[in-house]
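In what follows, structures are represented as structure tokens.
Shared between the two complexes below is chain A, which has chain B as its partner in the first and chain C in the second.
Our next item is the complex of A and B:
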């Protein structure tokens, strides 16, 4: 059987993707959508084999629920005509209740399936521990399920579709195949981005004509993604594995380096995959939403999460934060607390409750383990502290005559945020919460430069040469990011250059990847980091 | 017109890319067959430093090959020159590569393929990568920049290293095998992966083109060999019209003692085992009457000297 575990395999890059592009380019317009749909299911099958049934089930189910909701909404419209105000109110209430019931059922089925497959073992293990502590002999059987690739991503897409139909933002799709395409478009099935129906479904179904410019821009983006993955993420993998697996053997300096490099690796791998995904979409004329916007230029944790895994953050905001903060009980709480605590702290209480739920879900979404929950709570705590103390910091800065918009202060904020993010990623990557705590403690209590002086740090999977390449490559990323932060579009700049200069740039980038890419027998490629979330 | 312009641009781009990759390949390829120059599997690649057209028999395969065959023993018995181009976990695609390398400087009359490598599934990806690496060696030596200086990039390749034991991997360690009976007759056949089958056909074609005889050889191993593998290789050798020696089935003649002749519990032979296997191979090669004795040939004087050194080393190691 053909198997895939990452888009960075030659089988995908030199086999599947070019074949789909050629097929897409040569078939008539009406057949293009079929090429995309069949290719998407083929790729999903190559990743997940027979687990493709989960995707089929989700698609059929979400299609059915959409039509059901739409039917109730249409019925409501028909019943409303010619009714008195009171009768209208009563019809609307009944309709609303019915819609609530449908949406509840849909969410229970989709999120429930995700909970069973992904979290049942975690819950069972914890219940067993609790029972053990309480002295009970009874224990639950810990289930083992194989997760279909991308279930956390397409389930969120499915829920967003249903909720958007309920909110009348979109109309329920009568065309099952269009919905199937939205749910399964092959570049995004592994690690997202999490798309909204209103953003991609129609364009996917229209299956735009291949354009030379799109093709070139898409390829540029893919090559940049390969650069991030092969030159940075894969080169660091062996070192990071060693540090996180055998952390007890190493001092604080090595762990600090490991944590910093892991944060870099995670960014390079995930954003590199997104470049490949968005570039692949661009080749077909499909604009997929961006997932990264130079997160390490953020001046606060809150800003960081508006720039990192943007589509996940936006999903949580639209489908958890807003519904919760706008719910009756929290609205009442806001009104009451505003009276007692004033305009700053009043709304903060209900907002913080909603925020807590968002970050609990965020932590759990990343994985069924306590260190992921801790990771969520860690960010929640910093965002909450930021919300509470921001007015005081502003006053303090004004008192000390510190210009918070000045470059030095902004640099301080960026460095501070990066350090806090790195510490968060330590718990994210650690092999359990306890291991994370020990590593964090070692970073503080056992920090010494001895391992740098005696060269131990260069014997753990990367040598000084590797580190130089990583530093140069990170410098390139930083420079590109800086230009983009200042509104400079490098890709447009390249496209405007004459053919000689353009080709010279392409050759230089390809040569850099070919020579300095970490592939071959001496390296351990990193698995797609977000694929299992 | 627009299509023609774009097509030309793409064509020019790929021509340019080929030139860039060729240039990088030339710059980063090992300029000598030693580790410091970035050469992999140095012992096996020692054949590149051998005097031209002096090797009679080339052996390819994984660790079973270099643990079981000692060319110096064969030299002593027959005066034939054998070089073992086997390396650790060598997949068939690398065996093919080694064979091609061997033929650039040598004209062996016999090529022996140790059959354990046949069951290491190469897969399509590695085959594609290997072909890519053959055309553009930068894909094989992309880590070479760590070991070479700017000057080295522009040097011409010159291979100077030769292995004194001609590719043999000596070990006197004894770790007995508990299993002594392992060849239980069966009609079953272990599947040979299609990519591997195709690569072996290629090896056969190259041997034919160069006038060399291809022989399949299964050296003794209680862990890696069994009857279903034997059956598959037998079918393969018949299909390709090659001779097949399975040493695992003729232990009455070779007399491997699994309590003394293995270095790792039956996985590989140790030196005493290799001496026995090489003795048998010497007799087999003599019977083929394809090769001539070079012991009194002045061109091969170095082999006699190397044998003396080899003997001294072996005696020293056995003291």
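Our next item is the complex of A and C:
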């Protein structure tokens, strides 16, 4: 089986993607979808071996549940004709109950499988610790499962498909192959984005003809992704590994630099991989959803999560937050609390309960460990505090005559949000919650510029040369982001230039990556960071 | 468009021109909790039930689209 580390080099630098593109381009139209499906299964098999059966099972299962739900909905429609209002109500209620039962079963099977494979060892270990504290000799056996690649991503796609059929947002697909393509499209297997059936299934099934314009646009995006990954993320890897693994040896300054650089690395790696994935899709004429929208221009934690890992946040919002907060008991709570506490704090109580569940799931989704749960709760706390105090901040700003939409105030908000995000990422990356706490404490109590003055900071995997390249590259990222924030489409601008100027830009970027990319024996390429989630 | 809807929106988030703004969700003017308050208000005011499937940006990006959704739900 292949390791995760080989994914990037194998697919985007050494040629599996080009092979699929060539094959896709030369086969007849009807065979194109087969090229995509078989390539996808080949990639799954290459990384997961026989664990591909989980993907096949999930695909067969959602297909079956979709048709089951659709059958109940059609039966309801047939029964409704010619009935009185009361009889219609009763038929609808019976049908709803049946559909709830089907949804429940489907969610239990799919999420249950994920829970067993991903979390059973975590739960067993914690139960054993608890039993030990209580003085019990009994202990549970800690199971060991190998996690199939991409299961956290395709399970969420599977659940969204079934719920969308239930909500009649989409029709259940009778075509098993189309559903299989939606569940397995190969560029997105490792790190998403988490797609919805309504967004990608039809285009994947149509398998559009290759177009020169799509090819160029896709390639542009891929090159930009390689730039982020090779020039920034990989260059920082050795330093970050040193800081996070041997944090006890370093002072607060080095840890602060490590945390800031890790946040930059995570963004460069994850958004860079998304560029590769979305660019690959674009080459085939398939539009995949965006996962990043310049998150470091956010003015609050809440806004940050609308711009960072967008498809995960949207999934939690659509399938956990709103269903929970719009459920009978929470709606009643909202109505009651609104009467007592008013329009602001009333809905905040039920909303906070739903929000707590979202952030608990978000933390756990990232991994079965307490520091991930802490990461979720950390963001929950800031979003909640933001919601509670927002009206007071508005009044205070009005009293002090501060324009909250003015540039200086927005800059202050952006810096504040970035600092809070960096601290969150410290706990996210740390080797356990205790290590995260110690590192955070060191950042505050042991901060001194001594390690900068004596040059220790430049002996941990990055030197001044590396730092200058990272700073220039981050400056380029910031400049591109700033233009995009102001509605300037750089890619359209490049496409409008004449062929000489266009290719001069392409070659300049490629030359920059070749010269300043971090590869070879002195560097440690970073694994796809979201692949293990 | 209904004046009462504009009043409700202004009570919840006063810093927006609801006659012109067409990106209430995409522009981060209304967050998830404000949407919950808004739904509770319009359910009371117009005697409708907003199902979860209707909570999509297209339905909440402008006062006009919110009003169109209310009219549609009133008919159902």
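By our rule, the second predicted complex is superposed on the first by the 521 of 533 C-alpha atoms of A that agree within 3 Å, B and C clash if a C-alpha of one lies under 4 Å from a C-alpha of the other, contacts with A are read in each partner's own complex, and residues count from 1 in each chain.
One rule holds in what follows: contacts are C-beta pairs under 8 Å (C-beta built on N, C-alpha and C of every residue); 3 or more make two chains touch, one makes a residue touch a chain.
Computed from a predicted model, the values in this text were never measured in an experiment.
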In the superposed arrangement, which partner chain does A:450 touch: chain B (first), chain C (second), both, or neither? neither
Of the partners chain B and chain C, which touch A:465 in the superposed model: first, second, both, neither? first
Based on the superposed arrangement, let me know which partner A:302 touches: chain B (first), chain C (second), both, or neither? second
After superposition on the shared chain, which partner residues are touched by A:517: those of chain B (first), chain C (second), both, or neither? first
Who wins on chain A residues touched, chain B or chain C? C
Both chain B and chain C touch chain A at residues none
Chain A contacts chain C in the complex at 167-169, 302-303, 306, 317-318, 321-323, 325-326, 331, 334-335, 338, 343-344, 346-348, 350-351, 355, 387, 394, 404-405
Mind pulling up the chain A residues that touch chain B in the complex? 9-11, 14, 212, 463, 465, 499, 503, 506-507, 510-511, 514-517, 519-522
Please give the residue numbers of chain C that touch chain A in the complex, ascending. 11-12, 15, 28, 31-33, 36-37, 39-41, 50-53, 55
In the complex, the residues of chain B that touch chain A are 6, 9, 12-13, 16-17, 20-21, 24, 28, 40, 124-125, 128-129, 138-140, 142-143, 145-146
